[in-house]
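Before anything else, here's the structure in question.
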Amino acid sequence: MHIKSQFFEDYTLGDYRETLGRTITETDFVVHAGQTGDFFPHHMDAEWCKTQPFKERIAHGTLTFSVAIGMTATEINPEAFSKGYDRLRFIKPVHINDTIHVKVTISEKTESKKPELGQVIEHVEVFNQKEELVLVCDHILLAKKKG
Amino acid sequence: MHIKSQFFEDYTLGDYRETLGRTITETDFVVHAGQTGDFFPHHMDAEWCKTQPFKERIAHGTLTFSVAIGMTATEINPEAFSKGYDRLRFIKPVHINDTIHVKVTISEKTESKKPELGQVIEHVEVFNQKEELVLVCDHILLAKKKG
Amino acid sequence: MHIKSQFFEDYTLGDYRETLGRTITETDFVVHAGQTGDFFPHHMDAEWCKTQPFKERIAHGTLTFSVAIGMTATEINPEAFSKGYDRLRFIKPVHINDTIHVKVTISEKTESKKPELGQVIEHVEVFNQKEELVLVCDHILLAKKKG
Amino acid sequence: MHIKSQFFEDYTLGDYRETLGRTITETDFVVHAGQTGDFFPHHMDAEWCKTQPFKERIAHGTLTFSVAIGMTATEINPEAFSKGYDRLRFIKPVHINDTIHVKVTISEKTESKKPELGQVIEHVEVFNQKEELVLVCDHILLAKKKG
Amino acid sequence: MHIKSQFFEDYTLGDYRETLGRTITETDFVVHAGQTGDFFPHHMDAEWCKTQPFKERIAHGTLTFSVAIGMTATEINPEAFSKGYDRLRFIKPVHINDTIHVKVTISEKTESKKPELGQVIEHVEVFNQKEELVLVCDHILLAKKKG
Amino acid sequence: MHIKSQFFEDYTLGDYRETLGRTITETDFVVHAGQTGDFFPHHMDAEWCKTQPFKERIAHGTLTFSVAIGMTATEINPEAFSKGYDRLRFIKPVHINDTIHVKVTISEKTESKKPELGQVIEHVEVFNQKEELVLVCDHILLAKKKG
């Protein structure tokens, strides 16, 4: 974690960064259920899951999303702030012991409502250990312009 | 938490449900940092925050989102599944000791690519104890049709 | 979780409710040891347990009890409050990966010392995935009378 | 934590032991809600509690009970095992920042159904920092006889 | 946990105490990463570890150290305080499901800078379930003299 | 967190790096007690601490050490590994709400027993928000030589 100033002009379309991997553990499931209060059997009841088409407990969508976004949080940019996310999609289930990694690509740069800020889209892709895409979303940054 | 079948036809535009409240604690911040690995000083360094315009530690966007979505997880609908979220926006910062509650409104019903499924949008609004809107998003459900 | 008023008169002997299931994980053992400070080898030392008649780590009695009671906490009744528990018994050990569910039956209704309150007993039964009874107790509620 | 053999004959009526103190923190509330899934506003919604007669968040009964019992878990007796608890009563609410300590007194010794075992009652009293009794229960031990 | 006064003169060279065992779980790894913010793949990425000479995730040095020291925290001595540690060495990796126990030996007694205090070294050895030494360190205590 | 190869020759005496800050919370105390099993009243009993010269709960030495070392874990060097720590000293107590930051200085380079490795000492200093030194230690790295 470190600080690096990046203005709107400094973001280059097509640039990307990739994280290392992290194994999603049963502990992560239990901690996330405990934090959110979502104890749905899809995440918490191994016996019931065996009777379902997906066979195994499935990570909360918000767990995979939160961990993946956290994995990309390595560089603090004081010139930008997060506006939100678009097109968050759960493509494939994440199971206990899957190992995920994340790729973030600068996919769009547009003007914003305020002339001193530009909007940057970071396209976020989360892959499992088989390189299958499990989650995507578009992170919306508002970045100051230099001039 | 209970099971209740709801088909596409059972969702009525404008219907809404509201959760009780939950206070977001310092513990939630620390647990979320620990789960996601995001220890940015915005969330974790009370001294630095004092020197910033926002003065106090700010909840991770993924914390408010995850807790709010978890608060709505009370009814299991075996006829629908979550496709993802659109237009997730962080409207106002959430600070330690803020108490949030959530309102979910059926805001849109459309056909989906598969004729046997319809798409339902649940518009999610998260409010703090001053009834200020702090986060919004659109939850996308795919629900089976009855017939 | 929702609010529903129930007076003494509204409780009917023999009525019952059942929860969905929840798998008790190694994480639950570790979190419970951490919360209570009870690191007895029965719960925490897999090697020593292999040398004992029960072979595997056993859940703290307070873990099974707390989780089971929590699983029944779905309906807030503003007309009643909890006085305590009687006849809490640990019938069979709960091991890591056991999946428990809970049945709560209205088993007794009596007058209380205060004429405006009646005493209701909820008989709580906790079962594992083999439908073996692992824990029982009697929850004592004091509920307001209507009139 | 250490091992000390104590047979039925070794328990003396009236003997007692007392624990040191432990402050019940907001973290304990949040961790216990997360472990049990009980997010009732009595424990988790500081704003709503302000509108109630008790004014402040109240510890889950199972939290105070679990922590108190854990505080007494210092001596492993291979000659006895826990059968359960009787007369568990919540006498006064425990709030965030209350500091509890526990007194355990040998209050009863009786024969059990099995002639080789005797039943010992440990009367457990939990006090707050004002020396107010907040919780009591009777722990039922079955202890081997010497001869 | 109990209080026992021990002055410098009360420590005898060669005296030792041994703890019971504790299994280091995946949960411990995840909780420690979450507490420290160290999500290095050596501890958190099971897939990457398979490609390394050590094959399996390795406990953080600070995890093994912290748990081991915690396991020895059974007796509070109001006449002594901890100055620090010397010669902390990570001898062998600790993996998930290893069970550790700790031996503490009084290995050295010397004068300190202050005449009213003496310095005591507790040599700490941490073993796994195969009785292999995995970590050592020297705990430095400053203890009051009797007279 | 990223990977950067650094050989023995690449370490320069006097070079240093500094971390951002992190506030040590009550949650950190409770989580650390729960992980280590050390519930000594110095860390956990606010009432008792008021009667002591230090007045307030004090962080476990292993908590400050673990968090501080974790804060420096930003760069993975595949050419070096950790041998251990020397001269770990607890200089001043750390209390709840103190904010710490860490400075790591290359303070020593020496030959090791194995000719292909050199020993590097990272001197670690932990400061609170008043820039008071609270903990120091020497991290011992063994780094491969280039040639």
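Read from first to last, the chains carry the letters A, B, C, D, E and F; within each, the first residue is number 1.
Methods note: a residue touches a chain if its C-beta (ideal position, glycine included) is under 8 Å from a C-beta of that chain, and two chains touch if they have at least 3 such contacts.
Everything numeric here is computed off the predicted structure, so don't read it as measured data.
Participant: Taking mean CA positions as centres, which chain lies farthest from chain D?
Facilitator: A
Participant: Quote the value, from 0 to 180 degrees and to the nearest 5, of the angle by which the CA atoms of chain B must be rotated to coincide with those of chain F.
Facilitator: Resulting rotation angle: about 120 degrees.
Participant: Please identify which chain has its centre, taken as the mean of its CA atoms, farthest from the centre of chain C.
Facilitator: The chain farthest from chain C, judged by C-alpha centres, is F.
Participant: Roughly how many whole angstrom separate the Cα centroids of chain B and chain C?
Facilitator: Centre separation, chain B to chain C: 30 Å.
Participant: As a quick test, compute the distance in whole Å between the mean CA positions of chain A and chain B.
Facilitator: Roughly 16 Å, centre to centre.
Participant: Distance from the CA centroid of chain D to that of chain F, rounded to the nearest Å?
Facilitator: From the centre of chain D to the centre of chain F is 37 Å.
Participant: Touching at least two other chains at once: which residues of chain B meet that condition?
Facilitator: 1, 20, 22, 26-28, 31, 34-35, 37, 39, 41, 71, 76
Participant: Chain touch graph shape: choose line, ring, star, complete or other and state it.
Facilitator: complete
Participant: Which residues, counting only chain B, touch chain F once they are in their complex?
Facilitator: That would be residues 26-27, 30-31, 34, 39, 41, 44-48, 57 of chain B.
Participant: Applying the document's contact rule, which stretches of chain D touch chain C when the two form their complex?
Facilitator: Per the stated touch rule, the residues are 1, 22, 28, 31-32, 34-41, 60-63, 65-67, 69-71, 73, 76, 82-90, 137.
Participant: Can you name the residues of chain C that touch chain B in the complex?
Facilitator: Touch list, chain C to chain B: 1-3, 19-20, 74, 76.
Participant: Spell out the part of chain C that touches chain A in their complex, as residue ranges.
Facilitator: Those residues of chain C that touch chain A are 20-23, 25-28, 31, 71, 97, 99, 129.
Participant: What residues on chain F touch chain C, complex-wise?
Facilitator: 31, 33-35, 37, 39
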